[in-house]
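Letters A, B, C and D name the chains as they come in the text, with residue numbers starting at 1 for each one.
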């Protein structure tokens, strides 16, 4: 259930307030130069600290437990742990009676019979996204000159991001946003018609990122308002380049050698300082409820690097399947 | 590549202008009462004939080749064929030099080295969606009192659907649309955090439907403009019912006992009668191009029943995994 | 449940006395030259007719329903049907009360709640092995100069096969046998340590052949009686060739560039003309029971080509994973 | 590649002389009471120390990193590490030029381009079987009153095990053996015809155990010498009990409510103190070679508990698929 991929496969585990979170990356080619330093930049990008993000800080040092030897991947599974040090579980234990609105507290309890680790959302925590970022770092290295970039294009309904964030701070409430991902230099031919379409695989992985509520490729929802003659992208040359790119780089489920473009919608952080009403499941009463803890006002701020990461490992897997990345990297 | 599901698994095959299209459904519980008549209603709903749909007509009679005995499923794989009778391949053969804009002609050729069956889009054809509908019929029967409904909520940018369609007819162009799917009586607890979230699995299957450009759950992209205090759905009672349903029935990747709600964006049909410019890959010249063939002005019209179908088989699979559908149906 | 493989995937369906049996082969590279004639030789080898085999004859003409265009594979799923023409279901219907010893009648009924198609063993029938043979034909073509050969090395306990068979005829009883499979020109590097060892994958597929009771690689069970100094195969040169081949071509789960060698044990055909005692599940009485129907005295006779087939598709899948077979065959 | 299972899934990682070996168990039901103490007995059984086993000793304390909360499983992935403390890598580094006969040194290097961690066989090491044992402990707890027992039935060709072992000691050579596994109280109905037959899944997992050269179910290879009338097991009553059990508890790929019985052949340990000849891949010369290091004279001694473990997790997975183990354990 916690696995994804066909050849380049990732498996995540861990809990927010347990000992660690971690990931195993299986099927990574041997011979890839890799060190702890490779993870620094992307892990820093994911970290809180900016205005609007949680004050909980973890040093997020990746501890590579397997799969690396003499500074190169071995072809065996790569397991990476991130220790949890800065946990304050007491914040959460009193919340059992009052499942937090918008959080997985209720559904987790329903599904796992109350046996789930509920501290800090346990295995449902956004903390596990640091593992996705780690897999993304490795996948990006495999993808070499393929450039993946994500950027926030809207926060709190505003294109001016500073303004959107200020709206949240002023209202003492949380806000959502839109993140766009683009991929350059992607070869044509990745993906399959129907079930393994590039969109199917990307969206599958993207909805693994907590708080994502929608995804659209190319012109996306706006395409539904266009005429066919407007939306169709005419071929410019035999490489597959088209004059326009409404399709966002995928036609018939398969990449077409144009830029891959898609956007995702992030809901406002469920934890908001504003007082809300919700059910106390023990008393059966509707209560006032207000989140203390340490949370992001705008989780969107931390999403771009995570989005790049899941995109990278989906594409690395497709590149391996299409034999465009070898099983052993010669350096 | 042409498979989907963990326990209730579907495998599709066939080409638009080959002998048939077909599907194998594996992992279906034994003992389910099933007959050819069960397929009629949904297959009729997918059929062309309405204003704006292709005049190509197939009787679309499901031919059940295996897995059924004495009017009940046996637990063995169910293979269903739909013969292709009304094919006019000559329409397509001359198009090889001019890949149709918006179609998979170019990407299919790139991927499969020119060996693909290009007639009528071959294996990429929307014709294969009749197979998805067939799997949906079986899945719906397994889901019993769980009600899945899809409806078009916008065509050509208009909520008034008749008006949207007329726009296309007037412009002699194709249009897209938005389709909404709702599911009632779905139990809480389906789906997993992260990779096998209900959204991940549903979106994976939904993007197998040709022409889908986006998907959003609950409030979807609009959630990105909301405050957390607005978006959060407060629990009403211990069944999981919430006062609002911005989440669309899924929290933390898991169904929460509210109505499941999601919407998809369908691009305008790639085949449009309007003259377009595109590349002749043989001459290297940009040419005028105009689709003859028999096509839908608005493929959206045929999507609702397909969307219900893929939703049904995703949910049936999750229900089997959660042991909410037995392996043998006692009747 | 009826699928096997990671990239080159096979899916089987059908029943002995239903309309047909069939197979879908997904993930086959595009561009492979293929015709109905390619199947003739191997299908003939599987056919009954020889002394000791069933008099039921089917013409076993493969009907290729999809995935082939202009005489080459297209990269889309290849579905092949074999019609059942020569069925005599009446033979079986009376047997419901008396599950045949050694057959799946009882277990199938237990598992599928009595809904299984019990005629001629239904989906459990050896008739489905013609589908495996068909997949093997395609896999062998992909494997080009890799030579797979199976041969019976023992029948009814006799190395002299004629003598073993005569034993059965004389005793009016059925007998089993041993079949050996060898593969020449297999490159080193196929398979993985542990779960996807070449032995794991081969044995998984081999036990899909009905009536197999054991498998051993290289020296096999005899290795358990050897000293390490005898059993170890010393390297002869840097290609991986060894002076001896007790390992049977696989070390650490991975092929080592020597001949792959393994053997399987086939039980005596469950259907034997000899009178046996077994339970009548309706009366609860132990009854005399004697098989009429049309059966093989020695199913082993038909196994070699089936064993080659499953070996071929396991190896084709591994070759694709190791990128030693391309996704598009250039001819 | 390092994963196995459909619902109850295991993923292994780690190297013999790296920091640790480990396993992630996904899909384990929530609510199972589990503690470090549960692992003690089986881990002790796997440990060296007896006559004929390696003097390398690890305390093999399972470090449960995730998936456990308040003494019960949570339904989230369970990751367990075993640290490597007692490593002496220098033993191995000098051996690069002389791949050890019978070991994976050569094939690993061929497959992974020389990037593999070669110290102590790296990821190919038998040390990873402690992870399999850990998964087995959890699976056995899920299986409750289903009793799995493995025992050595032959060592060095002798039924008298002490005698077989003495043979090795006297010859200063290594020996192999035969291990039998039986399972009592297993319900009928587990497994599928063809690809997911109980034998297919069990043998797949069993060949993940290093040094296994063969597997046989029930009467196994001896069945090939029997008449059908001897081999067939007649039903005794409607529970599925048979008068004999030549089938070993599986018919048509499906368990039949009799005792499951199978045997595996273990080759003699590749590392033997006896001097052997093999290739120096650097000089191209055949050299004398003699293993120093710390090794088992008879790896068979350590296999029974590993065999029980893989059997347990195969069966747990099948029990979950058949809904005979719930997704949440009520205690």
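Structure notes:
Following the convention adopted for this analysis, a contact is a pair of C-beta atoms (placed from the backbone, for glycine too) under 8 Å apart; a residue touches a chain by one contact, two chains touch by 3 or more.
Owing to the predicted nature of the structure, the values given are computational and were not obtained by experimental measurement.
With steps allowed only between chains in touch, the distance from chain B over to chain C comes to 1. Note: the chain lying farthest from chain C is A, by mean C-alpha position. Inter-chain centre distance (chain A to chain D, centres taken as mean C-alpha positions): 37 Å. Chain centres here are Cα means. That of chain B falls 44 Å from that of chain D. Note on chain placement: the centre of chain A and the centre of chain B lie 26 Å apart, centres being C-alpha means. Chain contacts: chain B has residues 1-3, 12, 76, 111, 123, 193 touching two or more partner chains. Taken together, the chain C residues at the contact with chain B in this complex read 1-3, 9, 11-15, 18-22, 24, 26-27, 30-31, 65-67, 69-70, 72-79, 81, 111-113, 115-117, 122-123, 328, 330. Remark: chain B residues 1-4, 12, 99, 101-104, 106-108, 110-111, 121, 123-124, 128, 154, 156-157, 168, 171, 173-178, 188-189, 192-197, 199-201, 203-208, 210, 212-221, 223-238, 240, 242, 246-248, 251-257, 265-272, 274, 276-279, 281, 284, 286, 300 touch chain A in the complex.
Here chain A touches chain C in the complex through residues 6-7, 76, 193, 321-323, 326-327, going by the rule given at the top.
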